[in-house]
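The following pair of complexes shares a single chain, chain A, combined with chain B in the former and chain C in the latter.
Entry: the complex of A and B
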């Protein structure tokens, strides 16, 4: 327990921006070190690849976790249909931006610019969010949870359905592509055009130290996602540090009281839910659809629980905590173990077929089969790690990294105004 | 305090009629109110009026239907039958937030503080019509500056209210850390920030020590001078008899008797209801 509090106390001493930046730089350094430890001649390129991929993950999860924090951390709306709202955003973007004439095997769309597609995706996700919330708002939180998780599966199965793979409405052909998915204007490619155009000197510089062009693009894409996450943070901080945010917190604490104080809580709940869903839709398009292709399998409910894990680790109710939680979850618990598994020495042994053989070897004081087994199955075993971390946090530190902080929701300084001081000493 | 104010303060007590039928322009009028929960009739045709500017007490043995009456008046429950009229308008079954906007607010029997919010936040939540309650205004540069100006005033008013209830030293504390009595004060402070016309107090003094109790009653007296109306449910007979100029006694979901303290104290039926005799 002291280990966790130690980390927490150190986090506390820093201002929020410095906190987030040093956290990210720490993660980048860690992965760079790993790359140089295992990469040999390819070290620089490997490091760039690691850092690029982890940045994409952190950026995407930061947007998702911030959105969930507004819904659950602030307002207490138990949305376990995140994957569904991501799918709505991603599919809307895809249908709007897919080429009108895709050639053989492709699904036609509206051929609109990416920016229009992303905006459309956000709006659509917000609308679907409102529709999901409307009937459930009169009920208790658990019912909203059931409605959202069911809706997210309905959405996934709907876009998977062959009947909507390609339809014709008013002479216009478009569709979801069914189970095979849909290709559309790739956000990654838009970034690549920028990097390879105006950013050409940068690419040349990177290539001179052995970093490949695609890795530079990947890094640039990650940084773009981080920038969007930073923008979301800015917006959501202003939303939460305001009388609006205060009402949201009050709803989370006690909705009856909030109503008794003259607040029409339904409106506030719908608004908060819609803002969160819009961001989830955006993240769905940019994260799942980063490469310009999405399919229903990318929107399984498990991603919803990843985002919840990130929020619980970071501290529900804190925007800065949400970003730290997203970084901790996606980089340290999700990405890092997989990379470690790839490069960890297995002492020249191949992994035993099952865990019993691995453990049985311990009886003859030979730990290498267990190590080899662990390393070989790391991408599955990391879920055990995530589970263990969650159990530890919920038992010992239910507020997560920053959830214990007192962050009053107000847009102004809350210290006693001078005029009202009344001669008492405040400091 | 000037002499004129003292006179004003004692005025209503002599002015208020002794039976509610005689109240000409009631602020609140409850007529034939009924509320059933399944087979249980909690309120069974209660009718009474509350005069503007009065301090009216609502008493009755446990299970008399006082809290349910409160809940029906303030929109927490929808009445099975009967009407509630506030300030000349039929407000039966309206949502709590609509009633609060019209100036009819309540406190709860068990203080319901917003525990993970600071005391100051609790109080700042209440003022009506805050500009920053629009998400858009709170975000967009240019509009947010107006929100902040608006909020600076709210902060000032909140501090004043906290000072009035002498809990300003707890302003930055989470409300959940407060003692029972302090929570009661916080509820009062919060409800007054809604700029109400009438406040329904559900056992505001339960679990409050005598010193604090005096303080609270003094505050209520001060606020009545500003024209506020109070309806009070309380089990402490001394408080009711000494402070309320009009008392309504409920028994088995109906109004059993009403009048001033002397009338109530000499009413046989009231004694029987409290002592459990046969009626």
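Entry: the complex of A and C
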């Protein structure tokens, strides 16, 4: 455990912003190094590709983890229907912004501007969150969990259903596209026009060192997601320091006490739940629908558990921890292993088709097939790693990286030493 | 009881518990609609079709049979989930993947043994390639052998998981255990994917079909599922009612501290809970694959929510509730096809889960713990 403590002490010594920035820069450097180690002549472009993709992931997971932290870390609402709320946000955005006349095979929508669509998606996700929360808040935490995960599956099955692929209401045609999904105004394209317009000199500079235009756009998109995450962080920090936030933390500590102090805890919980759901809806549209296309298969419940893993690694209850957890999860556990598997040398031989052939080769004392198979399937194995990390953390370090920063529900520090009044001191 | 009394009782119910009243109204409507559909008539009001349509008794019966079969297997898996929920007090999200592991262990054993004589390389046979598919009537010994391997193998896996993951955290809260189980679920699922790849393989095929009556047939594999599930459920019933272990389990589900004070070796009871729950989970996974014919690395995970639905509808902690809830959810899942398009039947089963949790969290049989 000492290694972990050591890391935590070092993290502790830095101010939060510097902590997050240095963490991100570290991840970028690591991936750049990897790219230059394997990329050959294409190194710069490969590095840009790595950095771009990882930034998109970190940004998206940071928004999702912050939202979950508001619901669970601050208020104690155990929501495992994240995928469902993401789907609500993404589909609302898609339906609002899809072109009115999409041509053959497309699904028509309302053709509104993207910004309106995103706002609409957030509002809709918040409304669905409120509807889900109203009756469910009476339930125990684990029951709420099951209700939310069931709801998220119902939402996914509903948008997947052919009956709502295209409907006509009051002469307006729109729909979800059913199992084939729906195309809409791509947020990625908005960033691309910005980059290729005012940012043209930047693209030219990047191309002169061998970085392709699409990779520049990808990086810019990742940075915009990070900016949104930073904005959410700022808003949520303000919220958690406000009287509203103190009530939320008080609910987490002891709901009955909060009630007896005259707070209508249900109202507070519903509000917190709605804010979180709105953010999840936004992340759903920008992350899953980044390229302007979504389909039901992108909103399977498993993504919910990824966000949970990220929050638990970071430490629930801490906004900074949420972002660090999102970065650790998405970059180091989710993205990096897959790239390593892609580029790791496999002893100059192709991996066997199945694990039993690889194990059979062990009989002739040749471990390389097994190693090659393992490396080749590392994108599967990383989920085993994620599961193991989750178990390890919950067993040994349930506070995660920064969750031990117990943010008290009081505005004054109650832990200050008592004045000597004859009793024993703490030590 | 006169009609007037019934009506006033109903009104009372509607006022006191609007949710329950609404559910009762919906169920009444559906039953009436089913009756008119079976009669082959249609009722119109104000030009709209209110109820009725066409539905033959035969297709209804085959839907009921389908629902019953899936429901029995889900109920069987639900017993284990329900036991860990009441005795260890947490929602085990790894239970679905335990089902998968059991199915893979059992079917590898059965498939490889059955096809040893085939010339296909052994490594292919382990991945369900190159051999003949099994059926309960043609090779019942092997199918039974696989069933035993599924049960025993799953018990071993579950005990190892308990030793590594859950035992060090016996005193943790139920949410910490739930999160740990999510980690276990991920690890188990992708270990299976690592070994067996993510493809879907066909392993079982029906040997003979038995025509029950017009439009309704049952295959030998389905009969096997039916028989094994019923026998196992009876066995669990006897175990819990007639043995000391059953009594100890019920005592622990009720109040763990009191049970320990009374001298019940709680740790041993916990281990036996895992043994029983794991064996039943593995068997149910094996039987489900026998019925559907195909196996893939995430079928248990997809099934998990259905198992949860069964356990919750029946009342968490109640073994009989899990069995009955499984059958009920299986029937909802298949009978919903009468009213809903095929893409939404699963959603109907989940909706039942939500409604029960909201209106009657103790389950429809009223929260009798483990008995």
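Here is the rule we use: the second predicted complex is superposed on the first by the 391 of 427 C-alpha atoms of A that agree within 3 Å, B and C clash if a C-alpha of one lies under 4 Å from a C-alpha of the other, contacts with A are read in each partner's own complex, and residues count from 1 in each chain.
In this section, contacts are C-beta pairs under 8 Å (C-beta built on N, C-alpha and C of every residue); 3 or more make two chains touch, one makes a residue touch a chain.
None of these values were measured; they are calculated from a predicted model.
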item	value
Chain B versus chain C as contact partner of A:143, first or second or both or neither	second
Contacts of A:380 with chain B and chain C, given as first, second, both or neither	second
Which superposed partner A:162 touches (first chain B, second chain C, both, neither)	second
Touching partner for A:204 - first (chain B), second (chain C), both, neither	neither
Partner chain(s) touched by A:357 [first = chain B, second = chain C, both, neither]	second
Which superposed partner A:291 touches (first chain B, second chain C, both, neither)	neither
Touching partner for A:17 - first (chain B), second (chain C), both, neither	neither
Contacts of A:242 with chain B and chain C, given as first, second, both or neither	first
Contacting residues of chain A [partner chain B, same complex]	235, 238-239, 241-247, 249-250, 252-254, 256-265, 268, 271-272, 275, 317, 406, 408-414, 416-417, 419-420, 422, 424
Touching residues on chain B, where the partner in the complex is chain A	74-76, 95-97, 100-101, 105-106, 108, 112, 114-118, 120-121, 124-126, 128, 130-135, 138-139, 144, 147-148, 151-152, 154-156, 159-160, 163, 168, 171-172, 174, 190-191, 194
Residue ranges of chain A in contact with chain C within the complex	78, 135-136, 139-143, 145-147, 149-151, 153-154, 157-158, 160-163, 305, 308-309, 312, 354-357, 360, 377, 380-381, 383-384, 386-391, 394-395, 398
Touch list for chain C against partner chain A, complex	90-91, 122-124, 126-127, 164-165, 168-169, 172, 174-176, 178-180, 182-191, 193-195, 197-198, 305, 308-309, 312, 341, 343-344, 346-347, 350-351, 353-354, 357-358, 361
